[in-house]
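The next part holds the structures, each set out as structure tokens.
Shared between the two complexes below is chain A, which has chain B as its partner in the first and chain C in the second.
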Partner chain A sequence: MKHQRVAYYPGCALEGTGHAYNRSTKAVGKALGLDLVELKNWNCCGAMEVKNVDPKLQTYLSARNLSIAEDMGFDTVMAPCNGCYHNLKKAEYDLANDEASREVTGRLSSKAGHKTYEAGKVETIHALDWIKDSVGEEGLKTRIKGGLKGLKIANYYGCMYTRPRHIFPEKDKGPGSESTYKPHYMDDLLAAAGAEIVEYPLKTACCGGAHTLSDSDTSTRLVLNLLTTAEACGAEVIATECPTCHTGLEMHQMRAEKVFGQKTTVKILYFTQLLGMALGLSARKVGVHENMSESQDLLYERGIV
Partner chain B sequence: MNGPLPTAMERLDAMIAMPGAALASAAVRLADELLAIGEAALESWVRSRGDTPTEAKSEGFRLLALHRQGARGEPSFNACRETCRELVYHRNCVLAADDAADVAKTLRLGAMVTRHLVLFIDGKLENAGLGEFCCSSRPVRQRDAAIAAAHP
Partner chain C sequence: MPIHEKSLIRPENLVTHEHLTIDGVDVSGHWSTFINSRVVTDYNEEMEEEIAALPGGEFIHRCWQCGSCTNACTVNALNPDFNPRYWIYLIRMGFEDELVRDKDLIWQCVSCNKCTYACPRDVNPEGVMKATTHWLELKGHTRPKPAAVFDDVFASQVFETGKIEDGLVLRQFFARTGQSMFQSWLIALVRGLVFRLPVGLLTKLGLATLFRPKTRGWKKARLAIEDYVDERHAADRRALGLDTQGAE
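Take a look at the complex of A and B:
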């Protein structure tokens, strides 16, 4: 089975605000018989802070994680956070195409005393690729216990899962591959788990994420439009696959009510939480109580938990 | 909204609040109006960069040509690429639909997509770094660093 056993790079967010995503990802993996082996002594991918100060240092930091995966004998690392996934992909691209990035990574790796990562040794995949490629929709259907009972879901992929397109060479390869224009892997998996997927036209639209603290009103307005559009599409839940998107939607849902007086009721859940419950895991097991968005009443009402 | 596009936002909010029958009865005109609002927003962005908005069309739509013009040398502007394409898609769906309820729903969603485009461009006009970090994978402070380097 492809991707049955992969290296796991949770990243910093999954140890903090995205803890529920971490526990639900692990729980779903276990329920599906998939092995996640966490990278030993992993470091930050370089995320926002380092990338802003020195992009090549960010490439090195991501490359070090890829080097650890290689040392542990893996050719695939799974990163469920869009930011981490994006940064590891970007490092792969930069190391393959930019001599200056190779020079900095080589120099810092020598100084740090570990092997220099070379492009092409380890493939970075997202949690969506991991489940889609290992179990797939048909495999998932055979394991569903209870399912999502027609819960109406809008899937929000955010931006870093598909942009910029050139760092995702495996996407847009025709039928079966993921699309950067209209991603569908989350739609496919949640539909297989018994959800009713609503057509959502803003699935990769900007949420103002990087400006969430410095320019909060812009972010709140963009998120409010994401939420109201999901409700207009008939969605009861927005499914997410990134801790930054998830937290941004939750925070700005509350802020929109407080600052602009506009209340929305659509619930926000990680796709792994939804898959976990469809597989018969309890809401607690997948960390629903850790979300800021209160969705337990809806889940009880629909008989999902 | 403090930016330069409040009139467009007011019009879109009004359109979203219109009864379904009113939307359906003027469907084609309203669908074209959505495209025009999107084009006007993109023109604001292009002008803000000192360029003249193109009159050309891409794939049959000026909206898409304006987006391409706006993204030239500014990859973070691709953050609204899919939003522009969704707007065109909704306009085509309105023209193809027969059922009045479908037309009204499609128009309302089209107005929400347009609202997202206007909000994004308004955000870019206030803070050009919007979309830099994520959609073009560039540091948010790149522009500041370039200015500082040019004027030590």
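Take a look at the complex of A and C:
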């Protein structure tokens, strides 16, 4: 089975505020018989901040993580966080195409005393690719216990999963491949798990995550737009696949109510939490109680838990 | 209207005479509105090259002013004055005064990369916004904006230990930007986290504020990164004709 055993790069967010994403990803992997082996002694990918100090430092940070995956004997590393995923992809692209990035990475790697990562050794995949390519929709359907019972879901992918497109050479390859314009992997998986997917035009709109604290009003306005549009599309739940987006949506949903006086009721869940429950795992097991967005009543009402 | 004329129709550049008769014709009021003539002599001919020398700005020369970036822009949809195409134009023409008028807007780019996705000329407008923000700070036109403070707090922790600790980033950021930690929505957020997260994780996060998460054996990487950051700072300042030893 493709991707049955992959290196796992959780990243900083999944060890902090994105804890529920970490535990639900691991729980789903276990339920589907997929092995995750965490990268040893990984470092932060630099998120959206280090590139503003210098983009080549971000390349180095990701190159170090990729060299660890290579040393551990893996040719694939899975990152569930869009930021980590994006930065590993970006590093891969820059190391393959930009001499100056190679030079800086080589210099910093030898000073830091580890092997210099060379492009092409390790493939980076997202948690969505991991499940889609290993088990797929058909495999998922045979394992569903209970399913999502027609829960109406808007899938939100955010920015870093598809943009800029040149760092994702495997996307936009026609039928079956992921699209950077209208991504559908999460739609496919959750539909296979029994959800009713609503048409959501803001799949790849921005939540303002980069400035979530430094320009909160902008972020709140952007998130409010995502939430009200999801509600207008008939969604009961917004499914997320990025800890920054997820936390941003939850936090600014609350902030919109407290500061702007605008209340929205759509619930926010990680797609791995939804998949986990469809596979018969308990809500507790996938950390639903850890979310700020209170979805227990809805899930109970719909007979999902 | 061609965008370089935009600045001409600002209220301060328009003149209207309440009472005016020319050749016996009464043109009082808005009939006599005209645009003050101007002569531009203070082009900054180095501005494009300076911004191109900063990380992200490298490809600004490719721009052919199609406007795809502004059309796709997330922030433009909230505030029409946020206009990457216009700024790229001003930079390339050397209209420094016009650019500096928008010094409190440009940093608001949220790096969603919709512009980069849409750009037919691979200008990397997102990078240009970052380079321009950086340029405005280096040239002393603005103090570092909140986003720059956040970047610095965050990146410093990564450089120091190889990892970050959410709580520390938050506290340092609020302290350095002079904001209260006791805003109603922040209190609600922290309460929410404390009530929800499992005790084990909270203990771990609590301990993390004392024993910060670290990548083992990071010291050599830290020194290598610090050297590189110093080298870059000096190169950026040199490119802008500034004293390389100067304060940030």
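Note that in this section the second predicted complex is superposed on the first by the 305 of 305 C-alpha atoms of A that agree within 3 Å, B and C clash if a C-alpha of one lies under 4 Å from a C-alpha of the other, contacts with A are read in each partner's own complex, and residues count from 1 in each chain.
Basically, contacts are C-beta pairs under 8 Å (C-beta built on N, C-alpha and C of every residue); 3 or more make two chains touch, one makes a residue touch a chain.
As the structure is a prediction and not an experimental result, all values here were calculated from the model.
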item	value
Clash or fit (per the criteria above) of chain B with chain C on chain A	clash
Partner chain in contact with A:210 - chain B first, chain C second, else both or neither	both
Which superposed partner A:19 touches (first chain B, second chain C, both, neither)	second
First (chain B), second (chain C), both or neither touched by A:292	second
Partner chain(s) touched by A:48 [first = chain B, second = chain C, both, neither]	both
Chain B versus chain C as contact partner of A:218, first or second or both or neither	both
Which of chain B and chain C A:164 touches, first, second, both or neither	both
Chain B versus chain C as contact partner of A:229, first or second or both or neither	first
Superposition-derived comparison: chain B or chain C, residues of chain A touched	C
Partner chain in contact with A:60 - chain B first, chain C second, else both or neither	second
Touching partner for A:90 - first (chain B), second (chain C), both, neither	first
Clash with chain B (superposed arrangement) - responsible stretch of chain C out of 81-89, 153-161 or 225-233	81-89
Contact residues of chain A, present in both the chain B and the chain C interface	48, 51-53, 55, 159-160, 163-164, 205-206, 208-211, 214-215, 218, 221-222
Residues on chain B engaged by chain A in the complex (per definition of touch)	1, 75, 78-80, 82-83, 85-86, 89-90, 105, 108-109, 112-113, 115-116, 119-120, 122-123, 126-127, 129-141
Contacting residues of chain C [partner chain A, same complex]	55-56, 74-75, 78, 108, 110-114, 116-117, 124, 127, 130, 134, 145-152, 154-155, 158, 162-166, 170, 173, 177, 184-185, 188-189, 192-193, 196-198, 201, 205, 213, 215-218, 220-221, 223-225, 227-229, 232
Complex interface listing, chain A residues touching chain B	48, 51-53, 55, 86, 90, 158-160, 163-164, 167, 181-182, 201-202, 204-206, 208-211, 214-215, 218, 221-222, 225-226, 228-229, 232-233
Of all residues in chain A, those that touch chain C in their complex	12-13, 15-17, 19, 41-44, 46-57, 60-61, 64, 104, 107-108, 111-113, 159-160, 162-165, 180, 205-206, 208-211, 213-215, 218-219, 221-222, 251, 254-255, 258-259, 289-292
